[in-house]
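The letters A, B, C, D and E name the chains in turn, as written, and every chain counts its residues from 1.
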Amino acid sequence: MSDIILKTENLTKHYGGVHALVDANFEMKKGEHVAIMGDNGAGKSTFVRQITGVEQRTSGKVWLYGDEVNFAGPLDAREAGIETVFQTLALADDLDVPDNLFLGREKTKFDWLGPFRFLDYKAMRQATMEGLERTGVKIPNIRNTIQNMSGGQRQCVAIARTATFASRLTIMDEPTAALGVQETAQVENIIRTLKKAGEPLILVSHNMRQVFDLVDRIVVFRRGRICANLDIKNGDHTGEDVVSYITGAKTGAEFEDAL
Amino acid sequence: MSDIILKTENLTKHYGGVHALVDANFEMKKGEHVAIMGDNGAGKSTFVRQITGVEQRTSGKVWLYGDEVNFAGPLDAREAGIETVFQTLALADDLDVPDNLFLGREKTKFDWLGPFRFLDYKAMRQATMEGLERTGVKIPNIRNTIQNMSGGQRQCVAIARTATFASRLTIMDEPTAALGVQETAQVENIIRTLKKAGEPLILVSHNMRQVFDLVDRIVVFRRGRICANLDIKNGDHTGEDVVSYITGAKTGAEFEDAL
Amino acid sequence: QEIGATFSRFDDNWLTVLRNGMVEHAATIDGLSYQQEDAADDLAKQIDQVKNFVASGVDAIIVNIVDTSAGAAVSAAAGDTPLVYVNREPDNVNELPATQAFVASNEIESGTLSAFEICKNLRADGKGAGARGYLMNGQLSNQAAVQRSKDVHDVIGMDMCNFMTIIDEQTANWSRDEAQDLMTNWMSSGEPFDFVLANNDEMAIGAIQAMKAAGMDMADVQVGGVDASQDALLSMAAGDYDVTVFQDSVGQGTGSIDAALRLIAGEKVDQKVYIPFKLVTPANMGDFLDKN
Amino acid sequence: MTDTSHGTGGLTFDKTKRSWPNELNILFALFVIIAIFEVLGQMLPYMNDQSFLFDTRDRFDSIFNEARLKIIILQVAIIGIIALGVTQVIITAGIDLSSGPLVAATAMIAMSFGQTELVNGFANPKALFGPWAMDLPVIVPVVVGLAFGAFIGAINGTFIAYMRIPPFIATLGMFLICRGIALWWSGGNPISFPTDGFKWIGSGMMPVVWFLSLAVVFHVIMRYTVYGKHTYAIGSNEEAARMSGINVKRHKVTVYVIASMLAAFAGVVLAAKSETAQAGMGEFYELFAIAMAVIGGISLQGGRGSIIGTVLGAMVLGVIRSGFTYIKLDGSYQLMAMGSIIIAAILFDQYRQRNRA
Amino acid sequence: MTDTSHGTGGLTFDKTKRSWPNELNILFALFVIIAIFEVLGQMLPYMNDQSFLFDTRDRFDSIFNEARLKIIILQVAIIGIIALGVTQVIITAGIDLSSGPLVAATAMIAMSFGQTELVNGFANPKALFGPWAMDLPVIVPVVVGLAFGAFIGAINGTFIAYMRIPPFIATLGMFLICRGIALWWSGGNPISFPTDGFKWIGSGMMPVVWFLSLAVVFHVIMRYTVYGKHTYAIGSNEEAARMSGINVKRHKVTVYVIASMLAAFAGVVLAAKSETAQAGMGEFYELFAIAMAVIGGISLQGGRGSIIGTVLGAMVLGVIRSGFTYIKLDGSYQLMAMGSIIIAAILFDQYRQRNRA
């Protein structure tokens, strides 16, 4: 097995006439943290949705840890070890915080009962408190339903969900967009912990400071295509640099044909 | 009539056992731009919802331009001249962009037909393009339904909606949370234009840079209460300062009793 | 005394005539409190209504049974409270306890009388060599409907009437409106036909309306039904409708209430009372005009 | 190829790939169903080479079997009128179960003001009121019926919008109440023998005329007017509609009033067509009206659906009914076949939609 | 007063102000309705001081009128069994219209394997099959009935989950198909005279025993097991459930299978109770089952509702029915009164909920 844990080849997605993602060739190595940046509507979340099996791609191929994968749905992706914080958060509004945190992989008792096995509410509540504390969010009553949570609280629940389970690849789509100053700092700490543990991460973010603080490499999307691949570990690139790729003032040498 | 355009007295909101907003006393003057900051779940959006009539307050009073107001619903607030970008955006998923932009105040023809007056689709589409251009967002096809829009596109639609109509008070709840670098800059320009035009604004934001760039004064919420009121025009306060109010390391002198 | 009555359905034409007749009759009896319930064609509901009556302590119960094969369950639900079946004959008629009785008609007569008369008329019209026509069924789950249709087939099975052929038979659910549409659908095939037999008058009237709307001459078609409702008789008077069968609402209604009263008083009653069906044609229709 | 005339740019947008309107699928399904009946007609041994839609008999001399074309739509016209209103209700994410019983109650009430005094020279045996209510101009029963419908709709709407009773419950309650009214109005007795004027409303192809003209009117309203737009907005996201300043409550009342008036009008037409009004009328009409809308592509979650879809949904049901009579399918099989065809039509619709995505 | 034991802090949280369970409101409404009947009974002149729930007749000698208590619940037990399944379906944001006709079809099918050969010494006049099918052990018809239910449920579920047919359409189609099967099975003839073993299933208070035990089982399942949690999650936000890795399709099929098996079992109990099976059985049961769930506080948008609520909803309908007989309300007024009471009960519930917010 090579070092490449995720690779896409000509990954493409059309929605009717909208070409949201075109010929994306993307690679990332073990332990690497990569940021995806780009304008609104540039195709970042579309890219995430194709990798995680939420949607079926129009064309192209995807490899995970060297194996070609064709996820029929998000369940497959999760089983293959991909943990994702979606931009839409994917929370069930009528359920409370622990229910959402453990949705799809509840802690249970009497497992021989199959689908009718019992929920271990107590254990889940406890684990929820711990998970939430890592994000620094304050939620007065975790037994309130998600629909009653503030924007930032919702986002923290989604992040805590991902951070609670070990994974082979973590993807976060704008995880701190709705977070306050403190909570953002905490979530960034979670990301640093992942880095230390050698767990790879894809971070979609519009926050230049955050990206420069956290990741090794920035991939820029523009109009549905990848237009730059910038290694930022050695300080070759500044924030303004990245902005000019985002806006189209510059294009990465190897991508010029594409655009 | 005094200079005070918005004033609240002991504004309070409980959700069951959760005391989301407690005794908020808030005032703002003509032409002033005020930021509201605070942790996730501090009660910022709750404050906004009480002022705009989206919810009925538990207790307290509100005055707008000197008149005590008791809005039965958001329609009343809008008719009184309050334009709001809600954190939840308030978009109708199955309708397209122009429909959403003009929801509730469509451009029409044959107005004598009352509720059955005809929609002027063409005029609305044109105005939509103009509105969107001001936010800098790129939307390949505005006749797609909102549910097919990216996070940032949705937010820009909501902002364009507010910016298209004149108002006596504009409120924006985290308007740039999902926006890219360029779009954020554009929206900040819209806010500066409002300032020049003398239109008052309440801006809820977690973005310290943005707040210091744009507003005259910061009001900090903590645990449902106002804990600081900081005039930042004359450079008395730094970002760290504000953070320490947010986290609770400091409390404004006049608010100490409250907490 | 208190009598509780439950009917298979309230919104049925002929049963309403029966039901309203019973209310009127009950009102003429001193000291009788009479209460009626709608089973809405739901057998279980009817059984429960009987139990509700028992729980309220009524003195007697009258049942227009939803499903004639459920006699055993209904009879058991009443316990010791006297019970009289009306209009429809329960299948346990031979095992009724002493506290129960029935006053009803025999559906074998109804369909047979009507179909046989049509058969004779067709012969008289010179169509004895072969006549084709349609059969409209009432609600398929209703036993009166099933029985009346079977009667028709039995008549056609007889040597005398086997010149008749049914082109198609379909349900119009007792309803005039559905019968109109069904008849129009049939006619749209362009196939010639000589008779229409319906399980009740409402459907026969619907068929007649559809045929007239299509410009047919009603003299060319024999139409037969059951009930002798007033609408039907007026249609007969206008020369559109040929044969129907009179079902005696007053006889059944008053008969059942009187039987119930006698059961309450502990008197002896005839446990089985059959009220006969009577053939109605333009010749004798005058006798029935104000009956149903 | 980049064409930004529909937006502010960004991605490549290929204008030629328009989204395929759902209604076209249903139309397609309709043709498939017709074709199946046509083929069956040729194949079944007892059918004597009849055709379903075409004229093969000497009696007629046109291309199509006009009688069949007419009955196909005639038999769904009345429920179709109800479905026009039900469509609007469902677009708001509501439901109206009361329409069937409302048809019955309105038929009874309207007919009592539309009776004629003399039938073939006999006194009207079913006269409900005295001579004062006999032989009134046709406008009277119609207005009475519509007013009754508006009244019921206003109650439905008020309960649902202002008192937040779930639509299912409010209209289920009204379902029972209207059935009760129909039974009580004349003690369950049918009311028959209308005036010629009243009969006219339901005579011949008039039900179809009403259905199609109302469909056109409401198509325009739903598509091109503020009323229509707000109806969709409420169903799509009621909270957003409210926050956008739509008077959601008042609007919902209007929608339910319109729906009930349409159902009431259907009751008037039905009474006129059958020349009688009976308490048992309109049974299951609410279900079939909803079915028409759903076959026409509406979503019960609200926000989506169209009048054209509903009209096509009605046509599907009409074709199926006539088709069954045409191939002489036995009653118990008809129900099974009808059920299967409804499912198959939607399956087909789904399939085409997915293949285009 | 700040108590953070339920969360990670932040705002003041007053633990004493728990949210008031919706079910308590319905219970309350139930008592109010009972009280109203009790008072009416004392006031109405023709009632001779009878009591609704208490024993005032010499015939009986207990505190309560036991016959009344029993019938109140007995008469809703069978539809109640259906409602337990319908509740689960609605929680997934689905709907099941096929349950009423499924009751009829299952009653017919099960009864054909539950007949007895000799009735009072005579050959069973309604025997459908030959002697091989007579006097079978009671387990046979029950298993056949449940298997049939499971089969229908699997079809419903597959269409809905895998082929994305809207639940309303899929189960409306199945509604027609099951009615058709019921009619076709014995050509419209009733099937009667069950064995004693079969009768036992529906005898006396057995329907209540089934209803309440199943209610307990499904209450536990919905509240404390993974199955229950996923059912709520799917109804709350199907896309989120899918993205969270729940196998939404498979789960939905399970839900529809369970619901149809419950309806099938209701059919078996109904046949046993009536000692006969008839094609017209179960008419409107689907509507009333849904009504029970909705009165019990379920939301047709999915994600909310409970088995306890549905049981209470059933009780409300049971009390109303018995109450009407008790106050001797004429059948033609019963529908109107029933409709009004249902609306009023929910109105009351809404009112209490709002006053607590």
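The rule is simple: contacts are C-beta pairs under 8 Å (C-beta built on N, C-alpha and C of every residue); 3 or more make two chains touch, one makes a residue touch a chain.
Predicted model only: the values in this text are computed from it and were never measured.
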Chain-contact steps, minimal, separating chain C from chain A: 2
Where chain B and chain D overlap in contact partners, by chain label: A, E
Identity of the chain that, by mean CA position, is farthest from chain A: C
Of all other chains, the one whose Cα centre sits farthest from chain E: B
Result of counting contacting C-beta pairs for B-E and C-D, higher pair: C-D
Distance from chain E to chain A - Cα centre to Cα centre, in angstrom: 44
For chain C paired with chain E, centre-to-centre distance based on mean C-alpha positions, whole Å: 33
Inter-chain centre distance, chain A versus chain D - centres from mean C-alpha coordinates, in Å: 48
Contacts with 2+ other chains: residues of chain C: 10, 38, 140
Chain E: positions in contact with at least two other chains: 10-13, 183, 187-188, 331-332, 334-335
Multi-partner residues of chain A (at least 2 other chains): 16-18, 39, 41-42, 88, 137-141, 223
Set of all touching chain pairs, with the criterion as stated earlier: A-B, A-D, A-E, B-D, B-E, C-D, C-E, D-E
Chain E-touching residues of chain D, taken from the complex the two chains share: 93, 95, 97, 159, 163-166, 168-170, 172-181, 183-184, 187-188, 287, 290-291, 294-295, 299-301, 331-340, 342-343, 346-347, 350
List of chain B residues in touch with chain E within their complex: 14, 16-20, 22, 39, 41-43, 223-224
Chain B residues within the chain A interface of the complex: 15-18, 37-42, 44-45, 87-88, 137-141, 144, 148-153, 155-156, 174, 177-184, 206, 208, 223, 243, 246-247
Touch list for chain D against partner chain B, complex: 4, 6-13, 221, 224-227, 229-230, 232-233, 235-237, 239-247, 251, 254, 303-304
Chain E partner contacts - residues on chain C that touch it in the complex: 4, 7, 10, 33, 35-38, 40-45, 47-49, 51-57, 66-70, 72-73, 91, 95, 139-143, 145-146
